[in-house]
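Shared between the two complexes below is chain A, which pairs with chain B and chain C, respectively.
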Partner chain A sequence: MQKTADVAIIGGGISGLSIAFNLAQAGVKNIVVLEKNFLGNGATGRCGAGIRMQWGTELNCLLSKYSCEFFEQAQELFHNNIDIEFEQGGYLIGAGTDEEVEQFKRNVKLQNDLGIESVFLSPEEAGEIMPHLDITKIKAATFCHRDGHLNPFRTTEAYSEAARSLGVSIYEYTEVQDILLDGDKLKGVRTDKGDISAPLVVNAAGGYSKLIADMAGVDLPVYSQRHQIMVTEPVEAMQDPMFMGFSLNIYIQQVPHGSFIMGRSDDSEPTDLRLTSSWQFLEKMSETCTTLMPRLGQLKVVRQWAGLYNMTADAQPIYDEAPELPGFYHAAGFSGHGFMLAPVTGHVMSRKIMGEKADIDVSCLNVSRFKDGGLLPTESSVV
Partner chain B sequence: MNSNRILEHPILEFSEGSDIPFSFDGKELVGKSGDTIASALHAAGVRVLGHHFKTGHARGFYCAIGNCSSCLMIVNGVPNVRVCVEPLKAGMVVNSQNDRGVLP
Partner chain C sequence: MKKDLLHIKREGLATADDLRGRLPDESTKKEGPYAVIECFEEIPCNPCVVSCRFDAILPFEDINDLPYVDFSKCTGCAVCARVCPGLAIFIVDESMQGEMGTIMLPYEYLPLPEKGEQVMARSRDGSELFPATVVRVLKGGKGKTALVSLEVPKESLQEVRAFSVIEDESPAFHSSETYDPDYESPVVCRCEGVDLNEIRDLIARGYKSVDEIKHRSRAGMGPCQGRSCRQIILNELARDAGVSLDEFEGGSFRPPASPISMDILAKGGEEDAENS
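Take a look at the complex of A and B:
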């Protein structure tokens, strides 16, 4: 393994790979990505892989719009032939409460002002888009036809192949065990395969980002929480959009293969990095799903799994250089949306690392906001 | 009709069951009580239970214990039924499945 690097990126998930790709594209040489397992083994390969521009805060709308537009042109931008299966069947978001109806009206106004073509729908109009939805269970809905979902494994491969072809070295099964310091200055990283000295280190370790920050002795106010997903047997295509609801507590999509993939949140989920599956999830998820979509009750569940949301107090990411340790960068705390934000993560982090201005000002996503009482308005459009 | 049945087995005993009528792709067939759908079809000489949704390759009786999904068929309108472990009932309408299945 090489002994030196200009930039060492910790984490071979979609965020780390996107940062590597963007840096390499901008001409940075000698970049290494260090992944303790195989690429995408963390939250990247475990996520729902939904891509949407329908958010409740301006910044999230702008970040996700950048990402969605990237995925639309991914094939040309990556210069490879890997099909990421970006299916733009839209996102149909159901309102379950009167408060949500009002919030959704404001959201659509905000989204439209930012150039996001979402619409506010009656339950009947939502039912035309998704005939198997029990429309008596929703009070209204919003829809954006350019939202969709893609294949996280193909996308990981597309990013990693594009990064490799630009000269990035990717080391799988290489675990970072320590951050090397020289006094209070950053020196590099220690892995189980040897030391790499690097003046710039990026913490893109997702669910494990706090462990990496601890190695560096820097504060990263995030925690990880288990989230579960289950998948059914495949059937012929019957649902184009991703359906989601916040108070309804569900997201559900039919992937190109024909399976339905669905998840929900639960405050009682553990925060100790465990990745086990629970029968409670299986039961509650089935109930949530079949209450809204009774026809899907005929489907057999074939598998369930878990991944980690890396949470912050305002459910928005941290894009920053650690104030205590110049050269050490965080791209963490994605709070369940790291996959869809990956293109913009790569863009803003690469510009930050190179000391250049990014297309979107993300200075408010700094790590100090949690101390200074500068929390952002909490995004309500999350599951 | 019963030429494909196992009549003698070193461990198991098979009692002579009563007739159970059912249909397969529009043809009237007769199985025996105690049959699964797949065993009744096998006894009737049926070897192709459906075709793979993508490749079109013939699918048949394979694991016989409900694991492999090779024997998925449409039973009484419900797709993706593992006929190797589904007990045969009188009047069942069994059809070959050649797609991923359409939910009723």
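Take a look at the complex of A and C:
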């Protein structure tokens, strides 16, 4: 393994790979990505892989719009032939309460003002898009036809192949065990395969980002919570959009393969990095799903798994250099949306590391906001 | 099922007790070839009985009966061995002079061995016995199983029940060298339709674990959750790396163990039943 690097990125998930790809594209040499397992083994390979532009805050709309537009052109941007299976069947978001109906009206106005082509729909109109939805369970809906979902494994491969072809060194099965300091100055990283000295280190370790920050002795106000997903046997294509509801507490999509993949949140889920699966989830998820989509009740669940949401207090990411340790950067706290934000994460982080201005101002996503009382308005459009 | 056969369900192996009554007496053994039927499956299956032209298999009262041979009628013609779907019939011949006899074994793998080839004789539990020479090969096809006759010392005729080809000592297999897109590749994951070429291609491209291959190919993501493909993929990984199978982890096992409909799950069950 190499002994020195200009930038060492910790975490071979979609965020770390996107940062590496963007840095390499901008001409930075000698980049290493360090992954303790295989690429995408963390939250990247465990997520729902939905991409949507329908958000409730301006910043999230802009961030996700950047990402969505990137994925639309991914094949050309990556210069490889890996099909990331970006299926733009739209996102249909159901409102379960009167408050949500009002919020969704405001959201659509905001989204339209930012050039996102979402529409506000009656339950009947939603039922035309998704005939197996019990429309008596929703009060209204919004829809954006450019939203969609993609294959997280292929997307990981597309990013890693693109990064490799630009000269990035990717070390799998290489675990970072410590952050090396010289006094109070950053010196590099220690791995189980040897030390790498690097003036710039990026913490993109997802669910494990706090462990990495602790190694560096810097504060990162995030915690990880288990979220679970289950998948059914495949059937003929019958649902184009991702359906999602916040108060309804569900996201569900039918992937090109024919399976339905779905998840929900649960405040009682553990926050101790465990990745076990629970029966409670299977039952609650099935109940939520069959209440809204009774016809899916006959489908058999073939598999369930879990991944980690890396949460912040305002459910927005942290894109920042650690104030205590110059050269040490965080791309963390994605709160369940790291996958869809990956293209913009790569862009803004690479610009920040190079000291250049990014296309979107993300200075408010700093790490100090949690201390200064500068929390952002909490995004309500989350599951 | 008869109580005294229950242990076969658990262990998969017949004992000397189970085989009692399935062999001819010593004088009949010397008269010519005979069929040994080691069938313990009380299932509706009767091709052996109806195929025998000599009525040498005792008639069934019920289609679930087990077959027993009337050795006074059996000629060792092997017709029953050709049609037994369970590969449970063997033709033994110890009528010749000298130390050696022959045993004819059903064989479903390809390619078939050739006459004169040395193969490894194996016992009922698959363990190696000794190298033996192939003396006759009857090709299969049209619903008939291929039969391969081995020359075996007479005292071992009731031990040998299988054989394996002896492969040349060769260096570790490298998938990239043998990848041939025109080759009709065997299916590895039946649920998801993933064939061996695809698995070997992924290994050649650097994927190093069952889980990585599962993510990329979908092998093991179907309703059976990798019950057959997992082991095949492990074998391929070990062969490519030139190391023992023990060096590889079997990959993640995900609940539920078998598919359950959401209607059933939604009705709920016990609380606090957590599994990993």
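Heads up, the rule we're going with is that the second predicted complex is superposed on the first by the 383 of 383 C-alpha atoms of A that agree within 3 Å, B and C clash if a C-alpha of one lies under 4 Å from a C-alpha of the other, contacts with A are read in each partner's own complex, and residues count from 1 in each chain.
Just so we're on the same page, contacts are C-beta pairs under 8 Å (C-beta built on N, C-alpha and C of every residue); 3 or more make two chains touch, one makes a residue touch a chain.
Just so you know, these numbers come straight off a predicted model, no measurement behind them.
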item: Combined model on chain A: chain C and chain B, fit or clash; value: clash
item: Touching partner for A:L220 - first (chain B), second (chain C), both, neither; value: neither
item: Partner touching more residues of chain A, whether chain B or chain C; value: C
item: Which of chain B and chain C A:M238 touches, first, second, both or neither; value: first
item: Chain B versus chain C as contact partner of A:L299, first or second or both or neither; value: both
item: Touched partner set for A:W279, first chain B, second chain C, both or neither; value: second
item: Which superposed partner A:G258 touches (first chain B, second chain C, both, neither); value: first
item: Stretch in clash, chain C with chain B, out of 26-34, 62-70 or 152-160; value: 62-70
item: Residues of chain A that lie at the interface with chain B and also at the interface with chain C; value: 233, 296, 298-300
item: For the chain C and chain A complex, residues of the former touching the latter; value: 207-209, 211-212, 215-216, 218, 221-223, 225, 252, 254-256, 259-263, 265-266, 268-271, 273-276
item: Chain A residues within the chain C interface of the complex; value: 38, 40-41, 45, 153-154, 157, 172-173, 231-233, 257, 276-280, 282-283, 285-287, 289-291, 296-305
item: Touching residues on chain B, where the partner in the complex is chain A; value: 78-80, 99-104
item: Touching residues (chain side chain A, partner chain B) in the complex; value: 233-236, 238, 258, 295-296, 298-300
